[in-house]
Every structure is written in structure tokens, then in C-alpha cells.
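Input: structures, listed below.
In the two assemblies presented below, chain A is common to both, partnered first by chain B and then by chain C.
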Partner chain A sequence: MSRPPERTDGGLPAFLPAIVTVAFTAGLAVILLSAAASVNGARERATKNVARMAANLWEIPGAGADAVAQLLGERATIEAVPADGGAPRTRTEPGAYGYRPGALDPSVWIAVASDPDRAPPPRPTTPLALLGILLMIAWTARRRRRPPPPRYPAATLLLAAAFLALVALLAARRAHHELEAISAAHLAHGIRAAEIAVTSGADPTRAARAAGLPWGTTAALADPARLWTMPRAVSEAIAALPPPLRTAPTSTLQAGGATYHIAQTTLPPNTAPPTQSPTAPTPAPTTLHLALLGYEETASPTVPLTAASAGSTLLVAIILSLLPLSARPRALRRTLAAWGFLAPAATLLLVFTFGPLLFSLWISLQEWHLVDPAHPFAGLDNYRNIILDTAWWSSIRNTAVFTLHVPLAMAVALALALLTQGSRRAVRWARLALFLPSITSVVAIAVVWKWLLNDGYGLVNQLLARAGIGPVPWLTSPDTALASLMLISVWMVVGYQMVVFQAGLAAIPRDWYDAARVDGAGPLQRFRHITLPGLRHTLFFVLVTSVIGSFQVFGLVYVMTEGGPLGATDVAVYHIYREAWEFLRFGNAAAMSWVLFAVVFAATWLHFRFLEGRRAHA
Partner chain B sequence: MRNRSASFARARAAPARAALLVLACAAMAAPFLWMAATSLMGQLEVFASARILPETPLWSNYPEALTAQPFARYFLNSLVFSVAVVAGQVGTATAAGYAFARIDFPGRDRLFMLFLATMMVPAVIVLIPRFLMIDALGWIDSYQGLISTELVSVWGIFLMRQYFRTVPRELEDAARVDGAGPWRIFRSVALPLARPAVATLALFAFIDAWKNLLWPLLVTRSMEMRVVEVGIAAFHSTYEINWPYQMAAGVVAVLPIALLFLFTQRYFVRGIQLEGIR
Partner chain C sequence: MTTPPRAVSLRGVEKRFGDVAAVAAVDLDVRPGELMVLVGPSGCGKSTLLRLIAGLEEATAGEVWIGGRCVDNVAPGDRDVAMVFQSYALYPHMTVAQNLGFGLKVRGASREDIGRRVDDVAALLDLAGLLSRRPGQLSGGQRQRVALGRAMVRDPGVFLFDEPLSNLDAGLRLRTRDEIAALHRRLGTTMIFVTHDQVEALSLGDRVAVMDGGRLQQVGTPHEIYRRPANLFVAGFVGSPPINRLPLSRGADGHLAGGPFRFAGDWAFDEATLGVRPEDLGADPEPTGALPGATPADFKTTVLRVEALGSEQRVHLDGPAGAAWIARVSPALEVAAGDRLAVSVAWDRGHLFGPDGARVAAPPCPIPDLRT
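Let's turn to the complex of A and B:
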């Protein structure tokens, strides 16, 4: 193979530094845009909520258009709904949100324009980003003139990474300020709506409703459990505040690890004629508390910004790693081709495996409920909770016991593999029957076995009854349920393991057996001294993969026992599944999955340490 | 020659071995046969004790069970899901496996080890973040939500790498001398030679996707988006004591995979051997 002379000028190598700049710029753009998107999204939702407040005011008898105008001035437009308007209750237009209040006459649309006077992009960040891009361009120009460095340009990478991180941090802080401002404006509107409602004659409860959910109200304070949107910690903290005459429009409150914006207003007794007896004392002024979980909590751009800056840093690092190769265009072209081939798999793995791994670690450090938009940082609390959780540890124990089916399955599979050794045609047909359980639908298998092991009518107990053995409560007694699942699992995996062992057996040279036979070794001795040592690799492989697999059993338990009876078959993955998707405690569930990983890792490490290690000495 | 004489020497033990083998096969097949038998029984007949075979086969169980829930739709969803996963995994794994096996680039082995390391990680760890990501994208209860996370398989990349390493290099070198670029060489030389491994990967990807219960259970909500596995599980909890219906649904779920295996078993065996023997 003759090598053509290497080209050193022109072609792709010259463009590499420029590509670094493009990747860097794209990363900055994504950071700025996602920060802006989180602010804009929060603003949209705030506008929607204000529109709903206006609709609520409209519905109060005696309030109507004047009250809406008082609340929103020019921002709101009210238009009559045409007579044929079977329109939905809400309507979204570019920059405006429409609500049609309830079945009132005349039916109207109240459209509220977005708050116009706030510039969306996080401002002081943009010049910094531009500076970074200029620096990169200068670097590019210098790199194009001078020969590429022979080593990895670590300084450039560090600088670029620091810049990306700094811009992301500033953008996050800027977005945070904007979101706080949006929260405060939202809260001010809420207070205003409540006051307008009361002056229009509504009672405090109705006024609180006019201010829209999710708020704490006086009614909710009396029974803190009533409003699920308002954590008990918040309503209790509000109740403990000193009774104000009229506090500052907003203050913040830390409760349950999240920041709430609190406003209090003392509503005058309403002006509507009292409905009770005329002798009733004049109602006292009511204090109305509004607590808003800030948009800086619910629309925080932290996760997307982290992902964007980490992703573009990675991209810059990969492209920079090509720079030292520019002196060798053939190697460079090879590397570029390799990355081209790897790009789809690498991207998908990055997005759906490596990214989620870090994200999962992050979730496990937070108090993360699916329905609660706030995820306060909890440190190692989740881990402490589950370490103290006996149900979790019993599920780990069940999983470990379940794993003990693996050696049994391997023994059966090895016996089957030895049985089918040699005779070709029989094997092909036997394989179908033996292999089917391991490839077919787990759910269908679980359902069949549930029927087979049915206490009164299942085939197994019917056959046992004919042999005079009483009905065995296979799945209905805590003593036997896990063992039953283990037996089913053996039945499921032996076919697969058998085929692996067949392959391993075929790789043992026939001569060894013949030689042993000549030396007078019996079948047992041949098995002990030739078959087992020859299968060592295969046995180890099957053991490790089967143990890892059996730690993740889910389908059998989900269909057959749902973890019961009395938690006897509650295995780890099923426990995590319920923690996350039944009790919605994602933070705990994520922490549990990391503990499970640690257990699996430890088990695998022990295997390598004691089985592979011993072989190395043997 | 040697093989034949060896098996002749063992021929005396053959009847006992055959009997054992038949027994084992019967034990393995019994649940499936009992499933088929129950699927043809009357709803109350199954509770008549000491009955193993149906008095008269009740074929109407099948149409009735399969229309009680939209099983046709479940099968369509499973098919769409599995075929998309196969296409994705074959595409990503052949390309990545080829790069790891054939192209020399800095950091290759470290990157490959990093990929392999993910096989150690229990799938349940990435379940929650993946669910939250799919939810944030608004892809819950959609095909793209079902499919997008499953498009790459590290096991597949490993399999293809191992296979490409066993294919002789000469043809590729010849193509390179003729001036073909890496992509042309991959498409028209390497990939056709790897057809058996691709078939194995496709089969395993198909079966794994078809059997996948947990992920479809999480990302589908409506009946219209359920796959067969989720559908049968839901059917099981709805028709808790109607065993003939459930068994009919089970037979229909098992049959396609059994037929697929019957005609393609050598690819399965090859895949397992490639994986197990390094």
C-alpha cells in the first residue's frame, strides 16, 4: 500500500478552528435562548393567570367591566361572543389570552395582552457572550496562520468551558431576577383583584377566588389541608405571621425548602347587605393571605442551562481533540469519518443515557414530587430516608433471595446442554420447546403461570391432588410466593443459558475427551476435569449476566403478585416503580435506583474478585 | 470422521438421553399446551375440577377476547414500536460498530469502554429522568415518546464490532485503492458482508422491543397507544377470573414470536454464541 504525500495546506484542517468557534457560538446561543425561553414561558403563564383573574372578577355580580378595567386598564379587551359561539372556555392568540367567564349574559371574551414593557433576553449576559465569540474568532484567526499545536490545546478548552459556564451562570441569575419580578407582578395583580372584588361586594372567600388559584386564603388557613396546591408548611407559616394592617405588597417566605411570595391585605367588611339577621354585629375586617410559589421555582432554567453548557463544552472538547491531528490530514480524515459513524449512537447515548445518569443523580438529591412544581434541594435526605426504610431493605433482600435461582437455573441448563450435545436434529426441535420461554412475552408467561399455580383450579395443584398432596398456596402465602417466582424464573431462563452452554461445549476440543478416555477417565471425571474447566469463561459470563438481569426483575412481579402477599415478593425494581409512579416520590425513587446500582455493582465486583481472580491464580 | 466415531461410541447411552430430553421438553412446553387447552374451554368449565382438556373446543373465545379490548391496535402499536427500534438500533449499531472495529482514531478504546460500561447500569436508573425528559417534550402517549429512547443498543454496537473484526480486510482495502471513501466502503463492502450479524441484531432488537413492558407502561396512557405487553397486563387485571379469555389473548401474543423463532433460530443461536464466546 503506497501512501500518497500528505497535504498540509487547505482542506478541512484549515477550517477546524473555525468549527470550534461555531460550536462555541452555538452553545452560547442555546444558553441565552433557553434562559429567555424560561422567562417568556413564565410571563405567558402569568398573563394567563391574570386573564383568569379578570374572568373571575367579571363573574362577580356588580363587578363586571369596570372591575376588569380597574385591574388591567388598557391591557384587557372585552368583546362580545357571537351568538353562535359554541367556543371553548379558553382561547389563546399570539400575545393575548382569552377567557370566557361562566354562563353569564352577555357572553364575552376577555383577552389580556402580554406584559409588553419587559425585554425578554437576559441583557447583561449578551455583551459578555459577544466578547467570548470575538475572543474565539481572534483565536481562530491566529490558529489559521500558525501551525497547529502538537498537543491537546487544553488551555483553550479550559477557557471556553469557563466562558460557557460563566455565561450560563449569569444567564441563570438574570433569568432568576426576571422571574422574581414576574412573581411580584403576579402577586400584586392578585391582591388588587381581591381588593376590587371586595369593594364590588364580594365576600372574602369569593374575593380570594377572584384572585385565582393557587393561593392561600383565609378559608384555607382555617383548614390547611384543604388547598393541595399550598403545602401545609406554607399555610402554617402564614398563619404565624403577625396580623398586619396592611403589609408591604410582597415579602418572601421560605417554607419546605422553597421560596414563596406572600402578600397580605386587610379587606374591609364587604358592602353587600348582610344576609343573616339584621341584628348581627358588623363583620370584622378580614385578612387575606396570598402565597405564590414563585416562578423562579417553577420555571427555573437551571437544568436546561446546565445541559446546554455541558453539551457545548463536550462538543468543543471533541473538536479541539482533532486539532493536533491537523498536521496529519489522513489521520484527521480517519478520525472525522469515525466520528461521523459514531455520531448517531453517541448523540443518542449522550441524550438518553449519560445525560439521564447525571440528571438522576441530581433528582436523587432533591425533594421531587411529580405534582409539585417545586423541587427543593434536599441534600442526602432521600438517601437517609431510604436507609431507614425497612420496606426498601426488605425489597432488596427479596431481590437478593430471588437471585439465588440463578445457580439452580445454570445447573439445569448445563445438564440440558450436555443432554443435547452431539445429536443435531433432535437438538433443533428440542431447542424450540426449551428456548421459547426465554424469548416470548413475559406478561403472557406470567398470566399462564398465575393460572397454572391457581390455588383451587390450577393444573399444578390438580396434579398434586391426584397424587394425594394437599393444595399448595403457591402465590398466596408469603412463605412460598417468592420461591414460586424463582421456579418460574428458572423455567424462563434455562433455554437461553442452555444455548450459551452448547456454544461453550462446542468450543472444547474433542481430542481432550478422547485422550481422557484413553487414560481411563470415567464420565464424571471427564466432566470434572475437562468440561467444567473448559466452560469456565462461559459459566462466568452466564453467571454475571444472569445475576445482573435477575436484579432487575419486574414483569413477573408486576403481573403475578404485585409485590404481595404481605410484601413477600416486593423486589427492588417493582418497589422503585411504585415509589415513583404510585406515590410520585421521584426523589426517593431516584435515590433507591442508585442504591440498587451500588448493590448490583458490588455483586458484580465480588464475582470478578473471587471467581475471575481465583482463575488467574489457578 | 472423528466426530462420527465419537457419537457412535456414545450411541449406547442415546435412549436414556432421548427419554430425559423428551421429558425436559414436555416440562418446558406444558405451560404453553395448558394455555392453549384453557383458551378453548368454557368460562365455568375451567373451574370444574379434574378437567385438563376442553370437552368441546370453544373457538369463539378467540374473537370474543380479542374484541373485548382493541388488540388489533395493540399489535399495530407493538409492530410500529418494534420495527422502529430495529431500524434505529441496526442503523446506529452497524455504523458505530464499524467505526470501533475498523477505524483507528484517538481515544477509540477508551470511548468503547465507556460505552460498554453503560451495560452495567441497571435500566431503572435512567427510567425517571427519561420519563421526565419525554414528559417535558410533550411526548407522553406518542410513538416518538415510546421509540426515541430505545434507538441505540450498546449490546448491538458490541455485537457488530465483534463481527466486523472477524471479516477479512482485503475487500475493503481493494475498495480503498479504487478510491472509495469510508462511507462508500461501509455501505457497499462491509455492511453486505455483515448481513448475518445484522440479522441477529435485528431479531434480538425486535424481540426485546416486543417484550418491553416497563417503558411502554410508563409512557403510554391511552388504550390507543398501548403495546401488546401492556395490553395483556391490563386485560389480565380487567378480566381477572375469565381465564379462557386471558389464555386466548396469551396464545395470540405468544404465537407470532414462536413462529418468528421457528424460522430464524439459527440467527438467535449465532447471536448468543457471538456474545458468549469472546
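Let's turn to the complex of A and C:
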């Protein structure tokens, strides 16, 4: 009895099902861990803030350690800071966050232990994940003993995807539940801190500040000028709430595109002996509103969980797609090798090109402020704003005018390329000299030219003065500044363009010139009929890349004119830069970037359509 | 086609690139209406010579005369020559019609004139249907015809061809060769044709100029070149398979001897080479003397290998004194490797080359009584 021929190529194909299981398990682990991380992050922030509340209480005269103990009980440790300036012992305790009260008693360190875990309602997240892993392992074991499936194992993928989605959903719900609890406890601590402060003799304002959260009193809600810490949108939303909601211990509201959790308490009038005249009316109780930016905005597990489950589903899908291929180990290995070689570049492209691109598109649809964690969705508002923004369009016009230096530079570069053909020593030196600006830092060039073109001591104006020509305000007049930048830009790009043109010229067969000479064409006719047509692809390449580069000009403007004088050199990218980093309006800046992208894209498309599109010859 | 054929005359023409002499002291007269083929191995200077005639290179020394005037200071376009390049050098961005008419256009010919001439040439070369295409859309043969047409449209006094057939496949090359020959008969224009292919040279040329090392080795009709090669280089370069050689040296008796042969005579040199073309060897299983003029059984030898080419057989022989000789024999002869053959030589068609490679005028004849 002859044995069936053994598959000698077992290696990778046999392990594929196991790799599927590993990817699946890793996906589940990432889902569970990122849910936990999101909860832990929120808990950490809440603990830090509660520690600050304790410190605020400590600072209130008459409150002190009793008040801190009232607020936190055993969770708080009050420790004297060592006199030798060393670190407090509790500083290094895990899960504890310390706070050193400010001016009053810098020798004290209040550490607060992390909020103890409240047992969450049992949800079968982890058992479900384990069940999925067991099923997958069983599938792997069975798969290994059978030949590769002829078609895509869609059922396996569906099951895996369903498990990943279900676990992600359950983990998200559980995380939301815990986050809800943390948020409620956080607010409750704030309320409690304010109440303790009042009973310790603080006035309501001081007490409100002890809560360490954006706050407003009923009286202040009507008067925005008296609101210090609460965003206007939130106070308006609280004021607009129907009374039952407004008096509920905690509730949730939407304001300014973000979710806030609010809580309120009625503070009794100050119990401290009145300092004013005894005839003053008894102060009325004050209703204090506290607002906490919702965990939905700061620690939402939805996005990481969706990404984790989608990512691992994709991974499982990809690896499963290799399974039918494993019947042909050579094809499989070729496929894997191809993807292996592609992966680094593709990853870089995804992470550093397409990722930021999509992120900027996302930002452009939001009201994105660098220091404000709330990013209300703005839809197309940013785009509407900039379409109506004359300064933006003026910068686009400046950019377009600036781009007119490209044809001039190309003409000069082509002439130089024709003049510096060959390999004579002088020609080689000339080429080097002409190419130098291309390898020099833009900033260095800009600084030197700024100095050369200075109105007073600039070399250019001094030479002109010797020739009897009055000082030209190269960079200081709106009439000349842009033109000066264009000339400098010509000087900068000519070397590079010249080198590209020389490569293009070298690629034109000498036979064409010979044939044209025998045909009787003179130098100009040869240039017109041989050189220019022979260079058309090179010309097109240089034109398109130079126009794109010119639309993106920034360094020259940033160093030399800063967009001035009077916005005469405010080009698009510089305008975007200022919008983002000076005015911190990132949403607008991102929208402008996309408008600029559209303009450049349209310009390039027109180039292709009208210059390159007509070509029919080989 | 009204321009009379021009004579081309090179007088002591020399072209140096730095220290390298690509063309050295060439004197060559091409008669009006003649088809002269320049042939030689790669790098022998034949293309440079053609470019000198076209004016694409400037001679370091010497003069180029075309149609009775010295053209050394005349631009290529004004020399009344047209050139067909190996790459065809068609302008890729122009249509066939524009390619054909370019030479006329840059000379300022009227639109009607250009159109008429282009149509004439297109009709002649069967290009009429292709006039609006671009070179990239043509086959190799069509491009070749466009290149030819571009030369013809200007009706030049001299046509220069720089290996125009080398980019064509074998069948098309033969056909185009015939077309060029027919064109030459019809136009009667002077043509100078450069090739490295000796078969092309012999089949096409009225006369053939063989070049090597930048120098002219021999100028003559194909028959002269083949039958009376001026030197060992020409004898070896022309002919396929190449001429059989046997080194000879003078013995103590004053005769030149090599292998089984001894040649009597008053020799002025000690070393020489015997050359016999493969078809001038007669081979027979029996020493009967198959060829006219052949003395029966000059030597007997063993067959090393047989190439049966259908119309002929090439028999590789263990030649005299171990030289590798090849005999072209009739396919009727039954012969196989290892057979013994009696080989006879047609001595009246043999050549003797002196130590400098030059052919000695008289054909050699061995001393009969000393034959093995």
C-alpha cells in the first residue's frame, strides 16, 4: 500500500488558520483593553480633579483636614511635605494623585486614592470573548486536518466579525456605564465639596470655586458677565432647561455641539456672622450649577472600539483570503512576498499621507480650537466662512500672481540649459553655480536676500544709488514686494529647472537634429521643431511641479515679508499658517487647505487636459 | 525629379576625434548616378565618412566635393544631399505628411508645392493612406518608407543611406533592398549606402568600397571585390563562409611551403598566406577532380562537421597543417562527420597574400610532383 505523497510545502499554509486565530484574539484583546483604558483614563482625570477639590477645601479658612475627611474619608491622605524638600511619600503611590495647596500651606501634600471600583452589573463581555476564542481554536484545529477550501471562507469571516462586533458593543456599553458612574461621582464630589465649604464658613462664591468645576449660580446664569468658568453656551442651555430637569441632582445636556453633565445644589446662606450692618437682610439661598464636560467628548470608547473591531475584522478578512490560496503554496508565497515588500511603503503612505489628509478633512468640518477640547461639528460652515472671506481670496489672488513667475523661470532655465550643455570645465562650474540655490535652505536664501534688498543699507540699493537711481522699496512697498519675491523665486528655481531641462535635452536623439540639419533647418527652426517638441514632456513636468510648488510657497514669505506690506504678499499657505497658529482656528485653516488643494488640483487637471491630453503620438 | 545626379568626390579626407582617427586620408570618387556601397566592420569609419559627406561632421583635413563644388563650408541643408538614418530619425510629433514636407517647409516652399510633392512621393512609396498618422503608429517597414520618402521629396542630387535596413526583419530587409535597387534604377540619382552587411553590399552596389580602420581597403565592383580582393582583410571580410587560409613560409629551397603545398617562384618575402574560397574546393569520396581547373586530389582529409543548408553543404575539414577549412559542396554529395575526403583546389582562383596582407598579383600554383 503506497502512501499518498506528502505535502512538503506545509510550512506557512498549515499555520494560516492559527494566524487567523491569533489576529482574532488580538482584536478581542485590543477591544477589551481599549475599553478599560478609556475608563481608567476618565477615572484618573476625575481622581486628579477630586484631589484638587480637596486642596481647595484645605485652603478655606476654617475648613482644613476635617473638611477634606468629610469629602473623601479614607481616600485622602494628608501628609506633611518633608522639610528637606524631598518628595512626599504618597507621591509615588500607585493610583493616587496628589495636590499641594497653594499659598496658604505649601508644606502639606494631599494625596487622593483612585476611586474604588464599584462592581459593574455583570455583562458577559469577557466570557463571550473567551467563547469566540475557543470557537476559533476549534475551527483552526479542524482546518489543519483538511485541505484548503476552494473558496473564500465567508462563514468563518461572518462569525468572526459578528463576535468582534458583539464584544465591542458590549464592552462599549459597559464602559459607558462605568464612565457614567465616574462622571456622576465626579459631579457629586463637586457638589459635596461646595456644600462642605459653605458649612465650613466659606461664602457661596468661594464654595463654588472649591468644587473645581465650571460653575454658575442661578443669578449668574442670567448675567453672562458674572460667569467666569462656565462656557456661555452651557449656561444658556441650563437656563433654557425646564425646571424639573434643572433641579434634578444630575442631568445631561447638549451645548455648543458638546455633551455636558450638570448637577446643582442649593447652598444655604453663609452661616458666618454677618460682617455688614446687622440690619442687612438675611441672604437668600443660592442655587449652584456645576457643569462637567461629558466623557462622551473626553473619553468616549466608541471611536477606539469601533476602530479596533473594524481593524481586526479587516485583518481576519485579509488572512482568511489567503486560505484558498494556500492550495497553491507558490502563489501564496508570492502574494505574501509582494505584500511584504509593499507593506512598509503602504503603511508610511497610509499613516503619514492619507491619514493626515483625512484628519484635516475631518478637522475642516469642525470648529476646532487648539486649547478647547470641545470640537463642535460645524458641517460646511468653515467653507462658507472662507468663501465669504475677502482676505482669503486676496491671498489666493496673490498666490496666482506669484505663480506667474513660473513661465519666466522656465524660459530662463531653458535658455541656461541650452547654454550650459556639454562638459567643458567652465560650463560645469556654471552649472554648479546655477544649481546651488536649489540645494540651499530657503530660510538662508530669504535672509540673505532680505539683507540685499534692504531699503537703507541693502547692497542692491547702494549699487543703484551709485548709478544715480533712487532707493527702490523692494520689500516695503505693496507695489514691489510681490514682484521682488517673484524675482527671488525665479533665481531659486532656475537651477533645478535647468538640470531637469538638460536631462530632457539629453534624451532627444541626435539623429533628429541631424535629420533636421540635412533637411535644411537652421538653429531657430531646429529649436522650434525639434527641441521644443522633444522637450514637451519635460516642459510639462516642470510646469506642473513648479506651479504646484509655487502655490505652496511659504518659507520665502514667512521670512522676508510676513505677508506684508499691507497683505501684498499674503499668499495662501502663509494665510493658512496664520489662521491655524496665530488665530488658532484650525477648522478654518483645514478648510482653507482643502480649498487650496482644490485650486491646485483644478490647475493641474487643466494642464493635463489642455497640454498633455492632446498628445497622440508615441 | 529634375535634379541631375551629382558626383561626390573625397580628396584626402581625414576626421580625427581627439587622438583617434575615425577616417584617415580617404580618396573616393563616386560617379554621378552610381550606387556606391561603403562596407566594413563596426567602427571602421564608414558612418563617419557618410556624415562628412552630409556635412554633419566637419573634416579635420581634406575636401569634400559634391556636384563639382567644394562643400566644406556649405551647411548640410545646402549640399543638395538627403540622408536616411538607421533610426529613420522621423520627427515623432509630426504626421507622416509633415515629416515628408518638413524639408520643403523650412526652405519656405509654398503650401501647394509641398502638398503636391508630398502626394507624389507618397504615391510612389505607397504611403498615401498613412499621411495623417504619426510615426509611432507605423510599422518598421512603413517608417523606413517614410524616411526614404523624406529624402526623396526634396529631389536631392545625392542620397545618403546610413544602414537603413538594419532595423528591419530578415524578410522585409530583402524586400526593401530590392525596392532601393529599383528606386535607384528609376531615379538614377547618385546614392551612397553604408552597411556592415557584405551580402547587402555586394547585392546592391554598382561599386563597393571596403573600409577598415578608417582607411579605404578596396574600391571596385562586387565581382572585383569578391574575386580579386586587394588584401587579406577584404578577402576575409567579404564572403560567407570566410575564405580559407593557410600560412606559408619560405623553406631552405626558396619555395613557399605550408602543409602539403609548395609554391615555386622568385618570392620577395619569407611569409605569406594562401587564400582559397570555400566554393573553390572540390571534395569527393573518390579523388576524381570534380571542379574544372582543379587538379585531382590536392590533399586528403577527414570531415569534422557538416552543415546541410539545403541548397549547399558546408563541410568543415581538418585542413592542411591543421587549419580549419570549409568547403562548399553540392547537396548531392553524401558526406558525414568522420568521412575521408579527397579535396581538390581550383588553383586559378586561389590567392596569395604577402606579409603585409596585400594580394600578390599571380594566382599560386603548387609544384605538382611534390604533392602528397
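What to note about this one:
Operating definition for what follows: the second predicted complex is superposed on the first by the 455 of 618 C-alpha atoms of A that agree within 3 Å, B and C clash if a C-alpha of one lies under 4 Å from a C-alpha of the other, contacts with A are read in each partner's own complex, and residues count from 1 in each chain.
Just so we're on the same page, a contact is a pair of C-beta atoms (placed from the backbone, for glycine too) under 8 Å apart; a residue touches a chain by one contact, two chains touch by 3 or more.
The structure displayed is predicted, hence computed values, not measured ones.
With both structures placed on the common chain, the touch criterion links A:Ala54 to neither chain B nor chain C. By the touch criterion stated above, A:Val443 is placed in contact with chain B alone, chain C being left untouched. When the two structures are aligned on the shared chain, A:Asp514 is found in touch with chain B and with chain C. In the superposed pair of complexes, A:Arg536 makes contact with chain C only, with no contact to chain B. Taking chain A as the reference, the larger set of touched residues comes from B, when chain B and chain C are compared. In the overlay built on the shared chain, the residue A:Leu348 is in contact with chain B alone; chain C does not reach it. With both structures placed on the common chain, the touch criterion links A:Ile196 to neither chain B nor chain C.
In the superposition on chain A, contact of A:Ala413 is made with neither chain B nor chain C.
For the contact definition in use here, the residues of chain A common to its chain B contact set and its chain C contact set are 514. Touching chain B in their complex are the following residues of chain A: 1, 321, 325, 331, 334-335, 337-342, 344-346, 348-349, 352-357, 359-360, 363, 416, 419-420, 422-423, 426, 428-437, 439-445, 447-452, 456-457, 459, 462, 465-466, 491, 494-496, 499-500, 502-504, 507, 510, 513-514, 537-538, 541-542, 548, 551-552, 554-555, 558-559, 572-573, 576-577, 580-581, 586, 589-590, 593-594, 596-597, 600-601, 604. The touching residues of chain B, counted against chain A in their complex, run 2-3, 6-7, 10, 14, 17-18, 20-21, 24-25, 28-32, 34-35, 38, 46-47, 49-50, 52, 91-93, 95-96, 98-100, 103-108, 111, 115, 118, 120-130, 132-133, 148-149, 151-152, 154, 157, 173, 177, 181-183, 186, 207, 210-211, 213-214, 217-218, 228-230, 232-233, 236, 243, 246-247, 249-250, 253-254, 257-258, 261-262, 265, 268-269, 272-273, 275-278. Note for the complex: chain C touches chain A at residues 51, 54-56, 75-78, 81-83, 85-87, 89-94, 102-103, 106-107, 134-137, 150, 154. Chain A meets chain C in the complex at residues 509, 511-512, 514-522, 525, 529-530, 533-534, 536, 615-618.
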